[in-house]
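The two complexes that follow have chain A in common; it is paired with chain B in the first and with chain C in the second.
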Partner chain A sequence: MVRYVTRKAVGWLLMIVVATNATYFLASWFLDPRSNFKELRPVRSEAQIDRALAPYNLDPRVPLVHRWWDWLTSVTLHFDWGKSPTGVSVNGEVGYRSLISAELVVMATILSVVIGVALGVYTAARQYGWADRVSQAMSIALFNVPTSVAALAVVFVAIWLNQHAGLHFLYVAGENSPGVEGLFPTIGDRLLHLILPTLTLTLMGYVGYHLTQRSLLLDTINADFVRTAQATGLTRSQAIRRHGLRAALIPTAASVAFSVPAIFTGAVITETVFGWNGMGRYFIQTISKNDVHGTVATAAFAAALTAIGAILADIATVFLDPRVRVN
Partner chain B sequence: MTLATPVLNPVPPTDAAPVLSVRDLRISFPSEAGTVEAVRGVSFDLLPGRTLGIVGESGSGKSATAMGIMGLLPPSAALRGQVLLGGRDLIGLGDQALSEVRGNSVGMVFQDPLSALTPIFSVGRLLSDALRVHQDLTKRAAWEQAVELLDLVGIPDPRNRATSFPHEFSGGMRQRVVIAMAIANKPSVLVADEPTTALDVTVQAQILDVLRLAQEETGAGLVLITHDLGVVAGHADDVAVMYAGRFVEHAGVEELFRRPTMPYTARLLAAVPTVDGGARRPLVPIGGEPPALVGLPDGCPFASRCAVALDACRSDEPELRHVTGHGHVACLRATEIADGSLDPAGDAAPVDQQATADRTEAGEVVLRVEDLVKTFPVTKGAFLKRRTGTLHAVNRVSFELRAGETLGLVGESGSGKTTTLMEILRLRRPEGGRIEIAGTDVGTVGSGARVRELRQDVQIVMQDPLGALDPRMTVFHLLAEPLRAIGRDRASIRSRVRELLALVGLDDSVSDRFPAALSGGQRQRVGIARALATEPKLLALDEPLSALDVSVQAGVINLLARLKRELGLAYLVVAHDLAVVRYISDRIAVMYLGHIIETGETETLFSDPKHPYTRALLSAIPMPDPLRERTRERVVLEGEQPNAARLPTGCVFVDRCPLYRLADDSVRRRCRTERPVPTPVAGQPGHQYACHGV
Partner chain C sequence: MATDATTNAPSRAAADRVPALARSARKHTDLGLGRLYLRRFLRNRLAVVGVVILVLLVLFAAFGGRFTSYAYTDADFTALTRPPGALHWFGTNQGGNDIYACTVHGLQRSLTIAVSVSVLTILVAAIVGSGAAYFGGRVERVTLAVIHFLLIVPSFLILALVSHHLAGDWRVLIVVLTVFGWMSTARVIWSVSTSLRERDYVRAAEFMGVSPLRIILRHIIPNLGSLLIVNLTLGVVTTVLSETALSFLGFGVQTPDVSLGTMLADGASTVTSAPWLFAFPAGLVVLLTVSMTFIGDGLRDALDPTSVTGSAGGRR
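Moving on, here comes the complex of A and B:
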């Protein structure tokens, strides 16, 4: 198992290296940090702009291969991913924002998966019953609501609740309140801020798991082996849970693992509505501000998450399906 | 040589209390077309240690009866009546209460062992789980019992095999595991739903023996559900024949087969192809199709297909009544039939008698296969496939086929018969050897246009007509498609389609229907018509009858015979059912592990089989005649066909050969080291076999 994971990890590492370097070249060709200075008054000369960019290894007069080599050596030797055109350290930004994103994403993903799979199992066992129809209608409706609308709706409801019930714990903006001191108050404050964005992401995220898990389980629920399990003396729901669900969970496990990078960098709208400075917004910002190093670091971050996700998916598959003997 | 000569079970004392009593069981399902009355009042008693065979065609309600007893019907099904198990009525019990009965007092064996076992658990785990559901055992104790059970049902090396997963077992071995699960908690009733239908004949014989053993071990009463009258003849004490959701005849096995009294039973027996000696009798198809179970008309559901129906049969449905000296029959004319004064076949004389008896003169050679070889690489690894071995699917197979002639390729699954067929249909140069179609060596045909031309001469009829016909095309389009492909114009397509429908005995009105709206027999006729569209010389038939019910099968057999005679076709038939092959083939080639081990004229091969494998294959086929079925000497082969990736260097049959075990050392050495070559039989032209020991 360990050897298998190591071998997989080495393969993925290679993939990350290739993808990241390719992104570096693409970003350098398409993003032009000089344009950031064009709007500035007083107008700067070309030479002034280039000189301003030079300390951040973004000077367009230096050949691209040289700049790439410098970037690569600093990444490999010092794990320094460079600076933005305004001199902000990419490492600092990514480090800080990835933690914020993690806060947001981990809870929401767990909730989405648990709620989605549970609903899927519950409704698959009662196909075409009222519970199935109602929850499916709700899920399909939610599926069609854009995230921005859902997020704003959540905000509205929260504000209404706060006003009418005199509640003041539903925070609609920011990841924490300024001026909170001490360990426990800080954690409590952060958790309260987490409620609404997590709710939004969960509402948006569970639907997919519900609908796919339902149809996956429906494929196995009427399988002969579930009937055999019933014939040995299990009730229908026991047979479904012990024999049907396990096989039906394998594709879900893989999709959860692979969706991790997408949610990390894809929660842009939720982050924007609730004023969180996570990786999603950073990704958009770096591109719009022609931040070559920031963009590349985000890409590398997503690639690393994909690799972790893939390896987790493999482990989950081996765990769920003991037939998959690793050799 | 293993001789299994079971004797008729002695009748146990009649005062034994039944372990299972079913009273007026009725099962219905809602459907879009209306309520489907799957079971309409079934009653029987099952005594301990006895076997009740329930026979019927698909849709007769036999499986629904089994599932109803087990409480395994989908929640939408409505059940009425009584299922008394040890005095307790199971109808109306909730899932929780039923689950305490299932697997504990009633065990069940399912039809398809390939899908009946949870793929992600080891068989030891499955068995110990089954034990632990009802018994308070430690994991370890349950595992020990599981190993014992595996040993009981004949799994070699049970301790190690217990840790294997279902996919590592063959079909027969998996069915043994399913039986072990069914008897794990020593139930008093065993229900086996088509336990051997998905298995090869030689394995079928083994599984039926295991089932008998399991029954002896537990003393359980067995409900054996099957469509195979031969299986019932050999293994049941009482037989119930089901038709349209009811028992139409219920009698002791000897009485039922001696004088089938319900016309349906009699006609069913007449429609079954058999392998027992003497000349083959013509098959008499029943005609028509079993009724749909939605909104059944008044009267006897069989009346429309019955040759001796009276007017009264069409107004009232006859009850199951006792007929003296026989059993229970649901027929108004049962007494007349029982005393022999009325022939249930009526005047429906065998129409196509000539077709089966008459042999057309063989014409020019349509297909010649010489030393055909096909291998598949055995690979390992998910990403970089490494070749670790070679699977010899077809090994130096030679035969020829003339116009107006039928060659049957028979053998168990994995014997290479379908691969041979596919290699011929591929119309490319084979991996080894030569294929010649209508005088053209397919290896030398270069251009695509010429291959397309050759394609017109060779067509195929598939096993499963529902899978082989595009569900989104009407019958007309299905038949027009091959004609369009060869560039016929609209008018000629239209007339040709009409011609084809008439040729296969279908009405013009089916041409705008979709395959789903046709019955199984009609679908297979469309499949045949489609194959005939381009006027081929050679028709390859891949298990053309195995998806059809017995009563419909006979009609298709007769159709194939008529077409061959009228159109001078050559048939290459692949089938596992020797009885069916006997009725359509002029010559038979028996395949084992990619080799033709015996070939000859059909009747010569049946009356005088030489190769031990052919003999075993023939003797494994159950006969629908209880006396002969139970008294004849049977050769039950041990084990299963080995993996074709590791062929023995000598005779490929050596591991299972009953003759090898009896042979002396010099013959044994030859069997192990030297592959036998086909030897002609003196005085029987065309009859060849490959064996050192005969």
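Moving on, here comes the complex of A and C:
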């Protein structure tokens, strides 16, 4: 098992390295830090701009390959991801923001999978019942709503609730309130700020799991091995849970990995709407401020999240599917 | 490769259904294949509702502009941020632009982008996917490696990066969305056509000396017809969603041009004070995507009678 996971991890690491370097070249191509100086008054000369960018390894006079090599050596030797065109360290920004993003993404992923699979199982066992029809209609509708619309609808409802019900704990902006002190008040405050963005991401995320899990379970629910299990004396729900669900969970486990990037994309918009200073918002800011190093670090972060999701999915598949042998 | 074995299974099953489709069609020859599909499609009430909504939306996008004297670029400085009324049916925004005119134009823009991207995506995916399956060997391995790599690379980030640089022009956006959107469809088409390449009619064509390109275009792709049509409608949904997301973040269509995504972004800051700025484009986006999903489901059921899923599950 350990060997299998290590082999997978090495493969993913290679993939991340290639993807990150490709992003470096793409970002250097498409982002021009010099344009940040165009609006400044008094007008800077070309030479002045280049000199200002030189300490951050962004000097356009240096060939791209040289800059790439310097960047690569500093990343591999010192794990230093470089500086923004204004000299802010990318490491510091990412270290702080990735935690904020992780709170959101991990929580939303877990909730989406649990709610989606549970709903899928519940409705598949009651196919064409009213609960099935209602949740099916709701999921298809939610599936087609853009994240931006859903997030803003959540904001709208939350503000309405705050005004009409006199609630004070639904925060629509930021990840914490200023001036909160002490360990428990801080945790409580952060959790309260987490409610609405997590709700949005979960609403967007659970739908896929619900619909796929429902149709997968419907395929196995009438299979011979589930009927056999029932014939040996298990109740219908036991047979479904222990035998049908186990077989139907395998493709879902595999798809969790590839939903991580989708959740991350959803988080970009959700963070923008809710004013969270996580990685998603950082990504938007780095692109619009022509911050090559910051953009590359975000891409690497997203790729790493995907890899972790994929490895976890592989482990889950091995545990669920007795046909898969790892050695 | 534990994951590969499991993800292939459903699509292989779908491929086996193709002869079943042909058989059932032969049984009803007196009805005609087109009439048969139409009857099956009309039996699905939601799909018919979807078609009605879509037709209304297209008519609105095409002719809605005739009913107002304002263009989406006109600024009415006597009516800034007005709620919907007799003069401005959907109200105006902070710059005095008529929201009705903006939505008509934005819907036009979003529809054009969505339809062209999904048509182009399907074309690329069909040719690459079936080509890889037909040639096999090294071509297949390299193509699959490229597809898998592109699927893993955070494509939305690269999409944003590239379109930020090139943006402003909606035609460029079409190209960018196509370049980064064909992979998952190509993978599905590849897994279905791996079974088609072993079929007798493909073999027969090979022995008659038909060129590989002609075999792919005339023998393999036509047999993927139903899959391609269903993916085409669902591709419209995906494209509308990603166009909205990109434009919302400011990386897609840019001012002075207007799409539904940019309108959502404009209305975002005034959700409570001026909800009409947000509500009309949001409603249209949802109507568009929901109607396309209904149509896609209806088409799947009509073209593939053995389909049991009949739901939106299994994509994204």
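Note that the second predicted complex is superposed on the first by the 323 of 327 C-alpha atoms of A that agree within 3 Å, B and C clash if a C-alpha of one lies under 4 Å from a C-alpha of the other, contacts with A are read in each partner's own complex, and residues count from 1 in each chain.
By definition in this document, a residue touches a chain if its C-beta (ideal position, glycine included) is under 8 Å from a C-beta of that chain, and two chains touch if they have at least 3 such contacts.
If you're wondering where the values come from, they're calculated on a predicted model, not measured in any experiment.
The larger set of touched chain A residues comes from C, when the choice is between chain B and chain C.
When the two complexes are overlaid on their common chain A, residue A:L111 makes contact with neither chain B nor chain C. Applying the stated contact rule after C-alpha superposition, one finds that A:F30 touches chain C and leaves chain B untouched.
In the superposed model, A:G208 makes contact with chain C only, not with chain B.
In the overlay built on the shared chain, the residue A:T306 is in contact with chain C alone; chain B does not reach it.
Touch criterion met: A:S288 reaches chain C, while chain B stays clear of it.
With both structures placed on the common chain, the touch criterion links A:L72 to neither chain B nor chain C. In the superposed model, A:D321 lies in contact with both chain B and chain C.
Applying the stated contact rule after C-alpha superposition, one finds that A:T228 touches chain B and leaves chain C untouched. Across the two superposed structures, the residue set of chain A contacted by chain B and also by chain C is 321. Per the touch definition, chain A reaches chain B in the complex via residues 223-238, 242-243, 246-247, 320-323.
Taken together, the chain B residues at the contact with chain A in this complex read 70, 72, 95-96, 99-104, 107-108, 110, 112, 115-122, 129-130, 133-134, 165, 167, 178, 181-182, 184-185.
Only residues 15, 18-19, 22-23, 26-27, 29-31, 136, 139-141, 143-149, 152-153, 155-156, 159-160, 208, 211-216, 218-219, 250-251, 254, 257-259, 261-262, 264-265, 268-269, 272-273, 283-284, 287-288, 295, 298-299, 302-303, 306, 310, 313-314, 317-318, 321, 324 of chain A touch chain C when the two sit together in their complex. On chain C, the positions that touch chain A within their shared complex are 2-3, 5-7, 9-10, 149, 151-158, 160-162, 164-165, 237, 240-241, 244-245, 248-251, 261, 264-265, 267-268, 271-272, 275, 278, 282, 285-286, 289-290, 292-293, 308-309, 311-314, 316.
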